[in-house]
Amino acid sequence: MILHPGILSLLCGSLITFLVMLFASWLGVRILLRWDMESSSEEQLLLERKTWLISTLLNYALGFQVFSAVLFVFTAEDIHQLFVGAMCATGSLNANLVGWLVLLVKGILLFAAAFWVVLNRLDQRTEDCPLVRPKYLALVLVTPLVGLDLYLQWLYFSGLQPEVITSCCGSLFSAEGESVASELAGMPVKQSMLLFFLILGSYLIILVACIISKMAALRHLLFIASVLMFFVSIGAVISFISLYIYQMPSHHCPFDMLQANYNYIGYPLYVGLFSATLYGMLPGICQPLRKYESLQREIDSVEKQWLLFALVGVLIFLAISCGQMLFGSFKLLGY
Amino acid sequence: MLRQLKILEFTLSSLLRRKHKNLSLIAVYTFTIATLGSVLFLTHALKLEATGSLTTAPDLVIQRVAAGRHDLIPTKYAEVIKKLPGVESVTPRIWGYYYDSLIKANLTLVGTNSHQGKLDLLEGRLPNNPKECAIGIGVSKAFGPAIGDNLVLEDSKKSRIVFSITGIFRAESNLLTNDLVVLQEMALRDFFTMSPQLATDLVVQVHNQREVKTLAKKIKYHLPDTRPITREEILHTYDTLFNWRSGMMLAVAVAALIAFCILAWDKATGISAEEKQEIGILKAIGWETSDVLAVKFWEGLVISLTSFILGILAAWIHIFVFGAPALVPLLKGWSVLFPEFQLTPAVDFYQIFTLAFLTIVPYLACTVIPSWKTAVTDPEHVMRG
Amino acid sequence: MSSILIVEQLSRIYHRHQPDEIAALREISLQISAGEVVALTGPSGSGKTTLLSLLGCMSRPTSGNIQLRNRNVSKLPERFLAQIRRETFGFVFQQYHLLRDLSVLENVMLPLYPSNQPLGEMKKTAIKILEQFELAGMMKKKIKQLSGGEQQRIAISRALVTNPEIIIADEPTAHLDSELSQDLLQILAKLNQSGKTIIIATHDPGVYQSSLIQRRFNLRHGQLVEGQSS
């Protein structure tokens, strides 16, 4: 099982990243203990240079996380043939439920790493680096998560038993089941559409308001709206967007759309959603950091860019998810 | 952004400037990728061959089990199964293996009615009397006979039986027909001394695919000494087998990868005094540490991608043009007739992606610390020559 | 005239707290006005290069302050020092420090890479500078094919391509004969007329006694000694 090329590369890659992260946090701890902006000792200079190593390592780690999330879904997709009853990634993930946990941890890591990289970049642009301590503390806290990711992946892949007969998206996302997933799939289309468009609409309004106005409260609102939008959108993908993409009244799988059969349409969809969420959350996260004068300047100079990225992201997401609704031949709502 | 592009331009020109220095690295990198790529491509192609040929496989195969082992099945079982609702047809098959001590290979002997799927006849025709046979191209290459020649097989009583060859069929994109010998059904029963009431197994076609599992359960219930095997089960057995095989080869390839990483590390740490001086100068005239890190990043990426593309091309040519001469010995255990195939070129995005992941990540990991070391060169040293 | 550089109590100690501790500079204070041409003189090992590298933001002092146009640069992170180096300073090194495998034009373009200028514009800026020094004709030549004097002028072009306020030169005449040294002084004089501040570290009496030098700082064992300021 473990010798499947995809699995092998996931495990190897995660192991390398974990080691790299361990090394980075070891450096981070040293920086935490010894950092002194005022000192002009050689040691401080060396530490300052080490921060470059850490940020390079973390940039690579973030890049890795992005690709590894894709590869994980891809691999789950590829190994479904090994399980009787599995037709796509959902089936492989069901074959050993740890798989869903891996996916969750990968998602969290993706966001965590992205935030870290963005904040680090901000901090490096200031002369006094006010975020040094929080940054490296966060680094030390994220590292166990990378370890957890590795461990869960190991558990997942080593626990896969080809004889297991699994249920696939057909049953997991079927309206009759009792899990959260089937609750989602079973939700009346009209209501879920309403909820989806309500949340997305308010997200968009707040986003545009943020672009126009500098009010702090708007940023906090946008943060909340982004988080809500993320979960509601994932729900919507399972509940009805997938139906439009597959043009089938009961195919609720969130992974199949990543396949060549559907022109890889899932990639721009999820990338749009992720960037809308990430960049929508950033201004809110940075709000408390404005108390540092130097950071405030930097935040002001990039914030507009973030908001624009968020806008582009959400528009891509909307275009893909709703394009099919409006122009596809498939109709869910009989009107 | 613009700055990154300019730095990329600078990186490309300085790579070209030092091309002889990077050439050996690219060569080894390419070789590593070609090795790994060959393994992945070959197993993927084999998998496709096998699954492809199995899609023409029957929905359900019924074997009889006696003393826990596969045994001949009474043909009257067919009558029982035929009566079950949902069954479209039941056909008894007669086939078996024959070990030829001369060429040291296993042949699969099949009765004319027992072969599923189409045989793509290259020349001649299928046998229509008990003295004739048709052979797969793999067999014909191993033995060397052509149409009109005789194929001599030894039966269990050590008496030699001569069949004249009337046809040769293609095994090009179909692994499973490569070692086939097709005989008339009665001739085959005689050869195996199999009574007319018995068959090797039964093939069941079903009206509705979704009912295969239920039907299998029913058959098992009515005929407890049988073992129904669904097509899906065969497919995934094959898959497991292939993954295992490819895993073995992968392990070999990963060893090559590790060796390569050691070289990459060595190359990256041992930067020349000249290069170090150059970085110092750049920093002294105002390049930032991050700019030098960017140079190093682009350098790694350009080297990786160049080697990656070259390596993939090499692997492709190795597998699909030359038929994997370097890997076939590793697969030998499977079947001696194995070399005789031409794989259908098939590479999917996932293969490429995995390969990229497996080779580029370790390379970048190996070079990150050395490139950081270069990037933090102290500009002050430049002042003193 | 306004001071462009103010140095207070500047010290630079190598290998501090180690047995081989060396104080290359000890509590130096000085001011340099905008548009001035100053010379740093002193015997070998007296700390001229060390002081130049501190003034030019190549390194940070062990203690003391450097004010560059009212901005304290003595404790800035390296990243900002690099930015100041490319925006405010032009360096002419004793060994020229050109990249030997690159062409003249490419060498002169080097300091512009970290800027926001597009490549085409960078080329234009570089060519303009080369034309000023009558080097445009050898633009495509590799550095290793050129004479010392030519290399010197290319090094100056490179220092000027970012249009810096302050030119820093360490022993610029060390590898030149007297005729070329005179040429160099003329070039520096012209630059000074166009408003550039110039700081030269030198042994060469031909340089520090020339009329170009407005002030001279004499270093000995890392300290300023009251010297002949002209």
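Per-chain residue numbering starts at 1, and chain names A, B and C are given in the order in which the chains are listed.
Keep this in mind: contacts are C-beta pairs under 8 Å (C-beta built on N, C-alpha and C of every residue); 3 or more make two chains touch, one makes a residue touch a chain.
Bear in mind that the values here come from a model prediction, so they are computed numbers and not experimental data.
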| item | value |
| --- | --- |
| Chain occupying the most central position, where position means C-alpha average | A |
| B-C against A-C, pair bridged by the larger set of C-beta contacts | B-C |
| Centroid distance [mean C-alpha coordinates] between chain B and chain A, Å | 34 |
| Length of the line joining the C-alpha centres of chain B and chain C, rounded to whole Å | 64 |
| Chain centre separation in whole Å, for chain C relative to chain A (CA means) | 49 |
| Multi-partner residues of chain C (each touching 2 or more other chains) | 78-79 |
| Multi-chain contact residues (two or more partners), chain A | 49, 124 |
| In chain B, residues with contacts to at least two other chains | 289-290 |
| In the complex, chain C residues that touch chain A | 16, 60-63, 74-80 |
| Partner chain C, residues of chain B touching it in the complex | 2-3, 6-7, 9-10, 13, 17, 277-278, 281-291, 378-380, 382-385 |
| In the complex with chain A, residue positions of chain B that touch it | 39-40, 51, 232-233, 235-236, 239-240, 243-244, 246-248, 250-251, 254, 289-290, 293, 297, 348-351, 353-355, 357-358, 361-362, 364-365, 368-369, 371-372, 375-376 |
| Footprint of chain C on chain A - complex, ascending | 37-38, 40-42, 45, 48-49, 124, 127, 129 |
| Contact set on chain C toward chain B in their complex | 49, 52-53, 58-59, 78-79, 82-83, 85-87, 89, 91, 93-95, 97, 99, 101-102, 106, 110-111, 113-116, 118-119, 122, 158-159, 162, 170 |
